[in-house]
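Reviewing the structure listed below.
Per-chain numbering from 1; labels A, B, C and D assigned in written order.
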Amino acid sequence: MDMLLSSPTFAFIQVLNSISLGMNLFIIAAGLSLIFGVLRVINFAHGVFYMFGAYIMYTVAQDLELGFVTGVIAAAAGLAVIAIVVERGLFQWLYDKEHLMQLLLTFAIVLIMGDLAKIIWGTDQLSVSYPDGLSGAVDLGVTFYPAYRMMLAVIGPVIFIGLFLLIERTRWGRLTRAATQDMEMLAALGVNVPVIYVTIFLIGSALAGVGGALAAPINSPTPGMDATIIVECFVIVIIGGLGSLWGTFVGALIYGFVFNFGSVIVPNWQDVFAFLLLMVVLLIRPWGLFGKPEREGH
Amino acid sequence: MAVLEIKDLTKDFGGFVAINDVTFSLEKGEKHAIIGPNGAGKTTFFNLITGHLEPSRGSVDFEGKPITGMPPHKIVRLGLARSFQRINIFPRMTVYENIQTSLIARDHKHFSMFSPGAAQNREETRELLDLVGLDTEALEIAGELSYGKQKQLELAISLAENPSVLLLDEPTAGMSPQETNEAIALVDEIAKSRGLTLLFTEHDMSVVFGIADRISVLHHGELIASGLPEEMRNNPEVRRVYLGEGDDAAA
Amino acid sequence: MGWNMPRGVLFTCIVVLVALALIPMADSRYLIDISTEIMVYALFALSLNVIIGYSGNVSFGHAAYFAIGGYTNAILLTTYELPLIVAFPAAVLASGLAAAFVAYFCTRLTDIYFAMLTLAFAMLVWAIAFKWRSVTGGDDGFVGVTVPEFIDGRVPFFYFTLITVTLSTAVLWMICHSAFGQTLVAVRENITRAGFIGVNTRLMRGAAFAVAGAFAGIAGAIFAMYNRGVYTESAFWPESAQVLIMTLLGGMYSFFGPAIGAAALYLLERFANEYTEYWPTVLGVILLVIVLVLPEGLVGLFKRVKARMVGGR
Amino acid sequence: MRPTLRTTVAAAALVAASASLAQAEIKIGVLYPIAGNGAVYGTPAMHGHNMGVDEVNAAGGILGQKVVSFARDTKLKPAAAAAAAKELITKEGVDVLIGGLSSAVGLAISEVARQEGIVYIATIPKTIQMTTTKLHKHVFRTSSHTDFEGDAIGQIVNKLGKNKVCDIQLDYAYGHDLAAGIEKGLAKHAPNAKKVIDLRSKLGATDYNAQITQILGSGCDVVTSVLWGSHFVNFAQQAKPFGLFDKVTYISGGEIASHEIAGKMGKDYPDNVISNTYELWYDHSFPGHEKFQADLAKRSGKKETAMWPVLSYTGVKFIAAAAAKSGSMDADKLAAALEGLTIDTPVGERTIDPKTHQANTGQFWGPMVKKDGVDYRVMNPVTFYPATLD
């Protein structure tokens, strides 16, 4: 606390920490939010997709030494394949079922893919190196800051803008948004709704994979890493509003700031803080800061 | 005497005004029909009266008491019950239980955790089943009944509340002509025998003119006319809305 | 009285009770232990079903009330050396009140938002148990619970559990088949319509949540004494998920379904653990079966089989 | 392929089936996290355990009877571990319990042992409560504990002559206990050292930037810590670009000097780290270690073995020695024999204190340095800190 007040540089670094953490989480949470926005499914398996992204990065970049960028691409591609299998094989049967059944299904995927990861990668402690040239720090004038974190802080907004343009500025994006409103009407207009669904699920899942791959050098692939990230993502998308891209972006930033400044101001309670924040939002605006209330008012 | 007094009722859905400044009164004992093309705001009007939606502006008084903004369950308790345009029953319970539960609620017994549910209001449940002609289907699962029977069940659920005023939203929607006739005869008879005040919406004009004492016309969320059936039949504006071309039909 | 339980069900209950009462005769400590644990989980699952099966909401945080019951009972018995007759009811009261408090907030919401808020509150309970080390022992657990002398022993404790769980189940059954329970089903079936027959649906859902919390507290209080310890994990979300799966596996549209689900899942896990290290996959497959094939659980399956055998199609 | 629970159990069942006809046997209940996320510890621990049992059997078993193990997964959950322990006692009829990993799991098993009157040897849990407030006549600990660890850290800080200390711990039982141990160690050995800042991260935390920058901002010259396993890997990866390891000496408990961490991190392992381990596959300071290592390497299939086996192995050897001494597997007699018992292990002599039931299990401490010809860090020089608080 004293440090925040006495040292502007220290406060500035905490701001950077908050943004870079928020942006890293945004990449992952955006996928979760996108999928909910269109498919109305809360995908518990999103965390395990993230974990697979991190493991794929380990195999490609660390084990096979094929390079960092290849690792990111492989993670995106790997998760895209998994997404198609999961959506066509399982999800499509459940769109008209209750939310509870959909949640259970995604939980089943968590359990099975978790074991699968153990079979493929074992339980040993793994570690992924930084890509060449990004292991050091960047001189920002007032302070040095890790180059890799700076990169994450830049990639997050880039993905945000990309998604924003895709959804708000293309015909395809408009159809997708319409699908959230009334898919029967879209189907009647001759739009291929299943293709929209599988594509959205694919993009969302690939984002989880990319997020995991990018996180690998700072979050070593470990069994159980999915549980931590999914909780963080839930907090973010619920604060921001399920299905809202803006909300997820702002929610991720809020989370980053609460976590970092919480660690400094009230050390040890930062996690409880995140849950309290979540509760307050659920009580005051259950549909989140940027979300819209469900149509049935009661 | 007016049992329902509505003043300047308005509902604005974020820019779309579904009900606009409606002032309306329902007289005790009358059978009052609300008509209007699809999208005129009839169901929204009902939802506002019964507490399902909160009005943006205006007031609703029931038997002299303000009920604006009250939750549905409190309004029902005052004696204002309704049925729904879309089937609205308890689908996985038996027909018998549907009605019995409504009676339990009417008698404020729904928080009694230690009196057996199945033993409540048995005779009255039977009477209501007989009344709406569902006595032979008593033990069937409600959701598996035919459409017409489900509509009858819905009526019975509403009647179980012992209302003084009953709001019926398209009571014959989706029925065959024969079912319609039977249903209307039933409603008419019950209204008479129980001294009910009836407010209903209906698209079938023969039904409307067959039983309504008074008719009000809703168009684009506004009440454009109200009066005796004969007056309505000859009202030029009403004729325009119903017979005229175009823009209204799609609204 | 008017409480008429179908004769087949009543008969089965009596048979199960007699069989349970005879278990100590078999002179197997193992059998006594697993029967005790299954009874506790059965009550836990039955309590959750008041929320899921009867009021139609999903709670992702039911373990919180199990844990509150356990911790309260353990702390009052051990730290404050109070007699069981005080500690046990206090534990049940504590979980019921905590559930009522949470319900006050959660019942403003429905569906997924309701579930998320129950989860958030449960995480808060977990965090308190974790952080408040001086009282709860933190994640070391509250170990060494004092168990009153008259039930301090495998067989007496078994009978204590049997009697408590049987009485609790009987009371739960009455509640679920009372005027309250029947109305609650109406709320589940059609919340809007329930409002329009004059039911305050929010209060009903809240009452159901509190009842469920109190009975979860009973299960938790027994479990604390059985294990002679309470651990933070009992408030953690996987515990909530487990009891949810038990409930759904058994069948949420039947009163006894969750108890059957609890026994089935418990035994399955015990035996699977002796043969495979991939229990999560087994559980995942069970979930897939529930979701895709058995949405009404084992009881639903039983009913279908019976219908086919009796009626034919 | 690592032996799974299934094969272990199947083997045990086969042995049991064939042996039960011929003769009675000694049954050991083994509780490690064999499946799930804890398998990273449980699997190597089982190697050591099975090796110990095989050696005992090859030497004629215990009291002339064959030793059979019944292994159960603790899932890292205390209630699950307690249930498994009860099942082992009541269903399999084991004579003794061995194992445990986290504090809560160890205490839960210990509580079952107390109720059922069975000897429990805690081979890994370090919680101080086990041998203090929650001590009972049937529980013994053959691993180290947090006061020993903290004491060693105090001595090292003193030797380095540093006196501005940052402490970063995981916010759970082990972290709290070790923080207390370090306080005591510093007060005793490095009275001039001053704690500048106390930081806590949650168990399973993945982001340490806030803590790293606070350490850097606080101006301390030494960091004491117990971020074990993946916590350390993540912390190190995130702290390196900030230059943290150039500015402070990082002293850590939690055995991050073990090869399973150093080997996997390879060139990413940071500078200026001093940490501990129970055993190092390449360090043969004690007689018998080389043979132990060679035998173990055969089982695990790689020569760079983990450090957990030595703990589980030692536990088995204690049981065998105690049974030989008492001439009985009766719990009370076995417990009496364990009190004050001394045995030889591949990492030195071990004695169980008759009063506290705590073995004097010391640890190896030292800086992790680069070495020519290998692509991972090794400890050099290796210093053995015996488990004494005098």
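Just so it is clear, a residue touches a chain if its C-beta (ideal position, glycine included) is under 8 Å from a C-beta of that chain, and two chains touch if they have at least 3 such contacts.
Quick caveat, the model's predicted, so the values are computed rather than measured.
Which chain's C-alpha centroid is most distant from that of chain C?
B
Between B-C and C-D, which chain pair is linked by the larger number of C-beta contacts?
Counting C-beta pairs in contact, B-C comes out ahead.
So how far apart, in whole Å, are chain B and chain C when each is placed at the average of its C-alpha atoms?
41
Centre to centre, by mean C-alpha position, how many angstrom separate chain A and chain B?
The answer is 48 Å.
Rounded to a whole Å, what is the gap between the Cα centroids of chain A and chain D?
36
Residues touching two or more other chains, restricted to chain C: which are they?
Each of 192, 195, 278, 280 in chain C touches at least two other chains.
Got the chain B residues that touch at least 2 other chains?
Where chain B meets two or more other chains at a single residue, that happens at 52.
List, in ascending order, every residue of chain D touching at least 2 other chains.
Expected reply: 36, 39.
Within the complex, which stretch of chain D touches chain A?
Chain D reaches chain A through residues 36-37, 39-40, 43, 171, 198-200, 202, 204-207, 209-211, 213-214, 217-218, 229-230, 233-234, 237-238, 240-243, 260-261, 264-268.
Spell out the part of chain C that touches chain A in their complex, as residue ranges.
58, 105, 108-113, 115-117, 120-121, 123-124, 127, 131, 191-192, 195, 241, 245, 248, 278, 280-281, 283-285, 287-288, 290-292, 295
Going by the contact rule at the top, pick out the chain C residues touching chain B in the complex.
The touching residues are 1-4, 174-175, 177-183, 185-186, 189-190, 192-201, 203-204, 207, 211, 253.
Help me check something: in the complex, which residues belonging to chain A touch chain C?
So the residues of chain A touching chain C come out as 42, 90, 93-94, 97, 99-101, 103-105, 107-112, 114-116, 234, 238, 268, 271-272, 275-276, 278-279, 282-283, 286-287, 294, 298.
Name, in rising order, each residue of chain D that touches chain C in their complex.
Answer in residue numbers: 4-6, 9, 34-36, 39, 72-73, 77-79, 82-84, 86-87, 89-91, 103-104, 107-108, 110-111, 115, 127, 129, 134, 172-173, 176.
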